[in-house]
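One chain, chain A, appears in both complexes that follow, with chain B as partner in the first and chain C in the second.
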Partner chain A sequence: MKAYTITRDNLGAWLDALARDYTLIAPVREEETVSLFKPVSGFAEINLGYTNSTVSPKGWLFPQTEEMFFFSTGDGQITLADAQTPGPAVLFGLRPCDIKGILVLDPVFNGAYQDCYYQKRRQNTILVGLSCTRVERHCFCTSMGGGPTDGGGADLLLTEMDGGYGLEALTSRGEELIHRYQDYFIPDRDNRVTAAREELGKKLAGQFTRAVDTTGVKEFLDENFELPYWGELARRCLGCGICTYICPTCHCFDIFDQSPDGESGVRSRCWDSCMFSHFTRMAGGHNPRPTKKERVRNRFLHKLKYHRDRYNLDGCVGCGRCVTRCPVNIDIRQIIADLQEVARHE
Partner chain B sequence: MKIQENLRETARKLLAGGEASLVIGYAPGSEVSRVVPAFISREEEVNRLVWNPLCINNLAKYLLDYRYEPGKVAVVVKGCDSRAIIRLLQDNQIIREKVIILGIPCSGLINPDLVAARLDPGAQITAATVSKQDFSLQTGEGTFTFTRDEALLEKCRDCEHHTPVIADFMLGEEIPPNDPGDPFIAVKTLEELPVEERSAYWDKQFSRCLRCYACRNVCPACTCRECVFDQAEPCWVAKANNLSENTAFHLIRAFHVAGRCVDCGECDRVCPVNIPLSLLNRKILKDIKDLFNVPTPGTSLEELPPLGTFTNSDPDEFM
Partner chain C sequence: MSNCHCRNPLKPYPATIVKIIDETPDVKTFQMVFDDPSVMESFRQKPGQVAQLSVFGVGEATISITSSPTRKGILEFSVKKVGMLTGALHRLEPGSKVGIRGPYGNHFPYEVMKGKDLLFIGGGIGLAPLRALIDFVLAEENRGDYGKVDIIYGARSMDDLCFKYDILDRWPKMPGTTVYTTIDRAEPGWEGHVGFVPAYLEEINPSPENKYAITCGPPIMIKFVLQALEKMGFSDDQVVTTLELKMKCGIGKCGRCNIGSKYVCLDGPVFYLSQLKQLPPEF
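And now, the complex of A and B:
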């Protein structure tokens, strides 16, 4: 693993250069308490002072609305045309939990079944991580096997340190990117970058307000599908999709056509949510998850059990977004603790 | 804390005597700054109920979840929330005989973020007092005081009805109606901008809408059995998330709740990307007040929503 340092000024210049050569997606402060990942035209638009974007950056790899292909009919023929796929991109400034979120999505879209849309975007995108410098009130990545300076999964990891930033190349793709812009970087000869990152990690480890212990939760859920707990919890859920839309690992989608003239149009897909009452409604009207209880249970079983069953990965990375934004304080940290409690009494 | 004691005592009596089968109120949440909707059906659990300046959610909407259940449901409402009860009654969404309204005269709520910033998240509030100048929260670690100027929620600054407009039990001393001054200043400021600027303003807001529909799901004016936004056939608003569809969503929703929005502020509170929905809904509220000279919807059971009634004196020649 090779490490480099970059001055603050050079970081700005490098980002401007990246924005010229690639589609650059980076955190932008939309207003007081909202930051989002968006395409930017240079360093001036980027806000590196955020801890956790309001909506996770998954939307670059799995857009909320994505055109799949165009169709037209005529002379009894159907003609299809591919939708445009984006070119080379850099997803810049990803917090460690969000990088992990991408690793959680990978086996869904890029595992046994290859999703060509995701795959193309994933292949074309370089991931640049950014170590956290602060832990937010709802962060609990360390409980989910991550950490605020753990950039695993990124191509490059940037860490703020004395006089600028340290940059570690974690993959050959990261190494190539550094190479392409080598004038901006100074090779780190005495391991200062890694040492600074490790020290920051130690400092931040003490800042988490709440840790959770997931030990045994999956095994308990394996044996217990019906729990009165879900019914009680679900009473207050509004069935809005906030928690699923802002989450870095949720990935349900719906496919729909738009055809103003009935002859030609576009087929797209867009985010959907298991928390919506219509999500599992069948054409004949039957709904296998008829009430909030089944829907809330599904969401947490997906996070804590199903994803593990399928991919041996937790479906939650501990970013805390759903905890921050749920209007009725359905808090996954509390739910994990409650399930431990329920398990003790079973 | 008198109100909290009254609340617990009243809930206990209602459940013990079998008069209510469920009490919907507030209980402590997963951290000190959060209070959650609580559903209490057993007498032993009434001590979970709390009343403090963090009790922000409007609980009236939950009545819809229990409307077909046997037994009566008691629900805790503040002044603003009480208008939602009237709204639901006027639309026959709930039946008066089946609800017991536990009214709380409310002297204003505190901004939860400030509480979160100053108190240990694991702390428990043991008592709370609200005065004309400040909020005091007592915890095991001492008393924390916030001035009203820094901590009062914006919607509470403009509050019209501190005392619920409808209640079967009033759990505290009535607070006289407030004269908040002009609640439409923000709307007027926006109205005065040139149309291009107004348009740009809303474009910027609507373009980040996630279409999570939290604003709809929380809204006591949204009670349609099948919502227009969930209809696949005909497809009034496409699922595609873009400025044009998002704008259509917002305008349709604003018009659908026109004259029935009770100005409870819940849509504003829940939006995860801080879209200022109160500005939009208050613009319509203001227009309706100007045009029909009516109070805020939900203020009185007798006064029907202006857009939901017909009178012979309607000036529209077409009628």
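And now, the complex of A and C:
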């Protein structure tokens, strides 16, 4: 696949053009510390200096709340009308861990029953990655098989380099997008872009404050469901669920109806969390995961074992958001290390 | 860019309740028909599968299909009033509009069970999914494929027996079929057996030879039934049960009904006891 360079000025002009032709979703800084992905009207609103957005960008493909269809029950008939789904979009500035997060979600929403809502957005959205320029204290993507300049899964990967940016087309769809706006780009004939990205990757690889070794953890969990460790961890967990909301790979949702007049309304879905006690509670009152111990265990087993069992992919991409935001400092890196330790003493 | 052209599996098909049968004080059987005849024709459920029922404005719930696929042109759902959605369903009347999507999940291994005797053990509303298989097996076109059919069924009281017309009248008259009915405590007007299902099962003491046992009921009943079956010499591969877990999407996305890496809505609700023993005990 081909590589190009683009000047800073042209990057701005290109993004302005993209915002005119597509729904452009990009990282934006809100207030002092919150960064998130949302639709923008042009380059001026975009913040390329972020490391990890506060909430993962999965919300474009799998919105926090999403209308599914409208219903009306007039004249003794049920009429169902599809909710609108967005047209062509560019999801711009995805960090490598978040691109990987989308690859982790893909098989969930695919399969024998295709999730039309996700699929339509996914098929209509071009993914533009953005290599990291620094490593945060809680980042551990390299421990989960990723890397700060590894754009695999994106259509295009943008990397900051001397005098501007390099842009690598990773798919034919990415190549087509470049072609459509070719005046902004200069073909990179001497592999400067790839070389610069690889050099940046090497530099950043040395900046991770903590690496974890996941070797054997899944296999240990295969054989050990009951561990006193989960009870210890659950005593600290508040059950607030923030880890699940900011996670790029969590996909649990609830479905609910709203019908103010009792005759017409909308069915929607919204993010839900396996950390909440009602999540698995049945109408009759039985709850297979009645205490935090079972819920904490389920979340970490989902990340480290169940997703791998089902889809052959780790359920964690090492973005570190859950580590950063947990109010009681529950740290999945420490959990992996602790499980290694427990395994050694079993 | 291409679009997803699949039929949206999360969108129900409109249907109408054509008849409601009061089974017990808190269980009703709803007979439903899709408004679009072609949907009715193409809805091919297998015994043991579930569907999502919608009461628009209230929501959805996963309910097992209690009618056999051999019965064409109608679907039956027996629903116990336990929560919001089931409460709303119970307030509906014949002619009311609902939504149905499905069928979901796996099914009873009726192909594997061919040539075998079948022992059904049900408790309360737990007879609902079993009934789909019982009627499938007893249907004229399939009856020759299966051996003797024994049905052990119990409920708390006479009032709580579901499908009385089947268990007391229709099924006992079928060839090669024996129905054993019990209620937990004696009451006036009941001349049948009194006692809990697992104890009755031990009394009857069926031989495990060339037989499958299929059970569904309250968790505590299932627990003791499984113990009793084991004592009688049934192997874990001769025992089949269904699991009930909270489900929302029914198609393995919403992440709610997992037991380990299995989803009850896709990989269940039917499990052999041998499979159950390999799952984490979270059900």
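Note that in this section the second predicted complex is superposed on the first by the 345 of 346 C-alpha atoms of A that agree within 3 Å, B and C clash if a C-alpha of one lies under 4 Å from a C-alpha of the other, contacts with A are read in each partner's own complex, and residues count from 1 in each chain.
What we mean here is this: a residue touches a chain if its C-beta (ideal position, glycine included) is under 8 Å from a C-beta of that chain, and two chains touch if they have at least 3 such contacts.
From a predicted model like this one, the values you see are computed outputs, not experimental measurements.
Once the two structures are overlaid on chain A, check if chain B and chain C clash or fit side by side.
fit
Quick test of understanding: once the structures are aligned on A, what is the angle at the Cα centre of chain A formed with chain B and chain C, as a multiple of 10 degrees?
90
In the superposed arrangement, does A:213 touch chain B (first), chain C (second), both or neither?
Touch partners of A:213: none, neither chain B nor chain C.
Is A:235 touching anything from chain B or chain C once the two structures are fitted on A? First, second, both or neither.
first
Per the overlay, which chain contacts more chain A residues, chain B or chain C?
Touching more residues of chain A than the other partner does is C.
Please work out whether A:256 is in contact with chain B alone, chain C alone, both, or neither, and reply first, second, both or neither.
Both partners, chain B and chain C.
Have a look at where A:268 lands relative to chain B and chain C in the superposition and call it first, second, both or neither.
Once the two structures are laid over each other on A, A:268 reaches chain B alone.
State the minimum pairwise Cα distance, in Å, between chain B and chain C in the overlaid complexes.
When the complexes share the chain A frame, the smallest chain B-chain C C-alpha distance is 7 Å.
Under the contact rule defined above, give the chain A residues that sit at the interface with chain B and also at the interface with chain C.
254, 256
In their complex, what parts of chain B are in touch with chain A?
29-31, 34-39, 57, 62, 65, 116, 121-122, 208, 210, 212-214, 216-218, 230, 238-242, 269-270, 272-274
What residues of chain A sit close enough to touch chain C in their complex?
68-69, 71, 73, 76-78, 80, 82, 88, 108-109, 111-117, 119-120, 123-124, 225, 250-257, 259, 262-263, 265, 267, 269, 272, 274, 279-284, 286, 288-289, 294, 298, 301-302, 305-307, 309-310
For a test of understanding, state which residues of chain A touch chain B in their complex under the given definition.
30-34, 36, 54-55, 64-65, 137, 209-210, 232, 235-236, 238-242, 245-246, 254, 256, 258, 268, 270-271, 273, 276-278, 323, 325, 327-329, 331, 333-334
Quick one: in the complex, what on chain C touches chain A?
Those residues of chain C that touch chain A are 1-4, 6, 8-12, 14, 35, 56-61, 80, 82-86, 95, 97, 99, 219, 244-246, 248-249, 251-261, 266, 280-283.
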